[in-house]
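Before any comments, here is the structure.
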Amino acid sequence: MKLFTTMSSNSFGTLFKLSTFGESHGTAIGGIIEGCPAGLKMDFTFIQNELDKRKPGQSKITTQRKESDTVEFLSGILNGVSTGTPIGFIIKNENQKESDYSHLQETFRPGHADFTYLQKYGLKHTAGGGRASARETACRVVAGAIAKLILKHYKINVCAFVSSIKNIEVGDDWIERKNSIVQRKKEKNLVRCPDEKIAKKMQELIEQTKKNGDTVGGIISCKIENVPAGIGEPVFDKLQAELAKAMLSINAAKGFEYGLGFDSTKLYGSEMNDIFTSDKNKNIKTLTNNSGGILGGISNGMPITFKVAFKPVSTIMQDQNSVDKNGKQIVLKGKGRHDPCVLPRAVPIVEAMAALVLADLLLRNRSSKL
Amino acid sequence: MKLFTTMSSNSFGTLFKLSTFGESHGTAIGGIIEGCPAGLKMDFTFIQNELDKRKPGQSKITTQRKESDTVEFLSGILNGVSTGTPIGFIIKNENQKESDYSHLQETFRPGHADFTYLQKYGLKHTAGGGRASARETACRVVAGAIAKLILKHYKINVCAFVSSIKNIEVGDDWIERKNSIVQRKKEKNLVRCPDEKIAKKMQELIEQTKKNGDTVGGIISCKIENVPAGIGEPVFDKLQAELAKAMLSINAAKGFEYGLGFDSTKLYGSEMNDIFTSDKNKNIKTLTNNSGGILGGISNGMPITFKVAFKPVSTIMQDQNSVDKNGKQIVLKGKGRHDPCVLPRAVPIVEAMAALVLADLLLRNRSSKL
Amino acid sequence: MKLFTTMSSNSFGTLFKLSTFGESHGTAIGGIIEGCPAGLKMDFTFIQNELDKRKPGQSKITTQRKESDTVEFLSGILNGVSTGTPIGFIIKNENQKESDYSHLQETFRPGHADFTYLQKYGLKHTAGGGRASARETACRVVAGAIAKLILKHYKINVCAFVSSIKNIEVGDDWIERKNSIVQRKKEKNLVRCPDEKIAKKMQELIEQTKKNGDTVGGIISCKIENVPAGIGEPVFDKLQAELAKAMLSINAAKGFEYGLGFDSTKLYGSEMNDIFTSDKNKNIKTLTNNSGGILGGISNGMPITFKVAFKPVSTIMQDQNSVDKNGKQIVLKGKGRHDPCVLPRAVPIVEAMAALVLADLLLRNRSSKL
Amino acid sequence: MKLFTTMSSNSFGTLFKLSTFGESHGTAIGGIIEGCPAGLKMDFTFIQNELDKRKPGQSKITTQRKESDTVEFLSGILNGVSTGTPIGFIIKNENQKESDYSHLQETFRPGHADFTYLQKYGLKHTAGGGRASARETACRVVAGAIAKLILKHYKINVCAFVSSIKNIEVGDDWIERKNSIVQRKKEKNLVRCPDEKIAKKMQELIEQTKKNGDTVGGIISCKIENVPAGIGEPVFDKLQAELAKAMLSINAAKGFEYGLGFDSTKLYGSEMNDIFTSDKNKNIKTLTNNSGGILGGISNGMPITFKVAFKPVSTIMQDQNSVDKNGKQIVLKGKGRHDPCVLPRAVPIVEAMAALVLADLLLRNRSSKL
């Protein structure tokens, strides 16, 4: 008998660490959070609220599949305070319609992981995505919410927003505004874009695209404020390297850049360099922030800024050619309840992953008086 | 006494693993390679040749600092064959001119890690970069070369090339040509760009920029051929996530994208999806390769393609404003021997990191008949 | 506000890995098993049966606390076969009598972890042991059972038994008998000692000790049969080093030895050395097995044998002096439902941990034709 | 071609981490130390002195093979102070007499790892032990010395001594004496046993055994003083579990016990329990220290005590039967320069590994004001 073995990692982080399990169509998904300091007050309303921003069925421009995505904590918390031991949690799967996917059992959906999972594990996983389903990211949002509670102690905050949908994009100035303002504005519309007018256009495009049975992608921008200088590790675990991995581990992400990113390739060094200066208190800052708050893999005290590109959702409501597992040509019908655009629901995931990276690197960086 | 503690990682990889040590101005840099299968024939000429592509002083468009960058293997190899035990190696530092950097001891160079290292470790490191120096990447090239020898057994090959310098860029067709052709062509010029005419323009731009005491950046494209379907891990250690981390851990890298990358945000799902098909032998392929050879974090058998953005080198031969460690305004003179453009020397580093990622994920993915 | 941070590990294993969470008095305990090969047939009856050997209330010489210890698998298994993705599971806590422990809230029980947890985390954990409770080992038995299913493919089997309780001990010949025989005999009595007569004496001692409100300890011996030569890693992860860590991580374990162990210090080298020989098929074996099946950290094909010492249970039904958290002298009353001797229930835990070590090292050791 | 792949670990520790490379007969052995806090003053004389206690040829009861074992630091230290970056170091191999081992190329030495390495890696390693040689432990002594410098800041000290050679043993009171006294006394004789009279007998036994061409083993006891309460991790990384792994990873170690160890199995719970009490300053202690300073995997503030059993050295100067790699019976001649007893040289190794464990767990346990 041939068994397929693989050294998978289902964990993220080193000191503050999340491990997850679960498929879209099992009993539950869940995870373990390690490294949460003992004595942290849990804000359960905040945590559930973060989950609600990711859950399906939240608006007319997301999938109409319904899941309440209620997190149940099983351990590591006593009287509302973390005990320092691992925080186990589950989120029950409520909406398991096997029939939705029965037509897919023997075929490979374009843009999906059906084919690659079969190649890797030697067996077809549960219909509808199994472990590859973005449903797994709900666990990241739970852990990310707890990471945000840790960051709050340091006054660090994370704010992501939709900066483009297809060709519709916001101005470059939005990344420079205060997170508190952007946060408030972006939650006023379904797209999670802080620019009211642009958001309206984006929403119209998404709705029209949905009508056409098609999908669109876009870019999410993110800023982390108040990160003290000195966070991040040199060499392999550079702050930007950890962020890049975190972001590219999100379903449908196709690219990552920080600071000026790809645009920096168009500048001369004399234009790109951020000049150091100091304020009247002799605090050292830079005049510009082309570097996105990171030098040599380590935060320099300026805001950390980055962008993530998301491809259009692969499941479209149109006929598509494909093959079955024997290589026979077939036609796939577009069926089921899917997102025409993943970005509004991806915003809390980007924030969660950024918070996980920061909380981990912050804890890895503690100075101690020996 | 206040000691600064940090949980740094100086290792890359899980099963095939490189750990490095060393600063630009110590006695030597070096590393340990773990997980190399026993019985692999070492090709020392090939390994040194890879190093030579990265070494300083190799051409008139790189820094004129000279280092022979000769690797000495200390363990793990017997009679030219790997023994399965860790491969220790060192590369001696030959060109340590402390005086080159004496003017920098108390000041922060724009774009460099002087300031952030001081914040992190509480002390000023060796002048000239210390651990933050790109000299550390020589160790990556050594390990990457051994990774390439492993990949060769699977017929997998990695080829990176310079696809743009500032605004000068090659056509999109180059990424689609066979690696063997691109490899040969790119090594015919100093820039490591496979398009002869474009390479000439790039070289001129670099030379002119150098004369102006300035620097330029650009983009490196990379393709990995013959990766079997099934390589890569779902969830956090997706193939693209590992590649992204690997690339963003390289000095001066500002962005990463794979497949269509950021451009995919401009397409509809119906345009983006790669349609599955099969050849006459019922081998399953896709008609296009917008996804860059990866679906759900796992290779699909198509070539893996990605791009990395590099900012212009931070050290320029011009006066720049800055501050010293007390926050006092100063003017930094441009001095020393530096690269006007890092990309020609970054090509072997991109290849090395890609090879490390692939070798690791390949070994993590072995099926075994129990 | 002072938060206590620690880098705890709640995981065991490298490639075949168990991570656990949960306290004795929360909603549930549980874990994640990673690295289980895809395609392994799950034998749920066997797994639950292993758990039943550990569960409280199973006989008159164990604690009378009742827990059904029913494992619920949440992911990683489809149609009774492992999918290669992480196996999440929970075991609900049924018997949470807070009142049993209310008298302990402010005091430190001798031999228990109340004091040390308070020092570590800065807060008193749940009464009755919290994360320090041996209840956590139920998760290890679940993972160990799955590890045994993997080992079965290699014909490897693990058998532990009680070889001494206080001064009552079995003959040295029992470790040399076939596991299949020992396995059958040991399950015929409540003590899990394969020697019927000795087992009877042990049971009498345990019962008498219980009447006296006291507790006893003893030694568990274990043998692993059919381990092929070549398993285990040189240097730090030697087979015996991993076993030692595994065993000393079990509650109440005080010592570990393999092969002749401490007795080997009484021999000359000429007496200790196992002489190599070969059978008629030229298979290489040793004439004796003083080394316990391991040479240089790697299995040599002979049975692996080791012993683990367990101290008497710390909770006794007698008055004991102690202090409260302010250092005030108090007298602790002996109350509650506890084991007079932990060894019968520790046998499946020793086997589980041994199986985890072997499965992990086996998977780490696969040869692959490149 | 068949390649043998294995996931070896050549690292020890999590936050304070040592990775080693090197064989007995290559150019050099060496390693990388990560996690050393920045700002630690290096005491090079102390470090070399620790190495000298382990080096061969130091006295007439050790092997007469000569190696100066001079450590060369290559990175991570600037002006005698740690910089926080990885400390790379090498120790050159000076005494490589291939001819000493030429008679062993095709045969398996009893008690040695020749056979198991061949099974694991598919090829015969360097003669004379290769990676399995205890020479590798020199690297541990280097890292252990630096760990001791860290521990010194916390006033923690580690002292190991030879407590038995074969049947000659010291009294139980020695483990209770102050480390400073034991340390001074044990270094006054060649055996490293603090009891002058017993040491003399031990030395005589070793010398007589050497004359007979035989070898002897024994026990090393170790005590760690001034460990604050709260160090160690619950569940898998218990303080005793990490110590057990550390000790069993040393060549020739056959057993580990802490506190009363195996003897605790002979006591009732009422005899074993250490009763908590408090001094006039309300500091909480225990009246006895049967538990060896650890409860629930975490230090309780009492001295940590443990013992390690070492088998007699496998290389004897007598003829022994064995087989060659084809299974043919042969007779091995006793040749070469070997230790008649490994314990005097193992004392610094036991201390080094204990220091590594403590330094790591100490750094993993830092509290931080968020």
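Labels for the chains are A, B, C and D, by order of writing; each one numbers its residues from 1.
The working rule: contacts are C-beta pairs under 8 Å (C-beta built on N, C-alpha and C of every residue); 3 or more make two chains touch, one makes a residue touch a chain.
The model shown is predicted, which means the values in this text are computed figures rather than measured ones.
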item	value
Any chain that touches subunit D and subunit A	B, C
Chain located farthest away, centre of subunit B as origin (C-alpha)	C
Centre-to-centre distance between subunit D and subunit B (centres being mean Cα positions), rounded to whole Å	39
CA centroid of subunit A to CA centroid of subunit B, Å	26
Centre-to-centre distance between subunit C and subunit B (centres being mean Cα positions), rounded to whole Å	46
Two or more partner chains touched - positions in subunit A	1-11, 15, 20, 37, 85, 120, 122, 131, 153, 234, 363, 366, 368, 370
Subunit C residues touching subunit D - in the complex, by the definition given at the top	1-12, 14-15, 20, 108, 110-113, 115-117, 119-120, 122, 131-132, 136, 164, 166-167, 209, 214-219, 228-238, 240-249, 251, 253-262, 264-278, 282-284, 286, 291-292, 294-301, 309-316, 318, 320-323, 326-329, 364-370
Residues of subunit B touching subunit D in the complex	1-11, 15, 19-23, 26-32, 34-35, 37-40, 72, 74-76, 78, 81, 83-88, 90, 120-123, 125-126, 130-131, 153, 363, 366
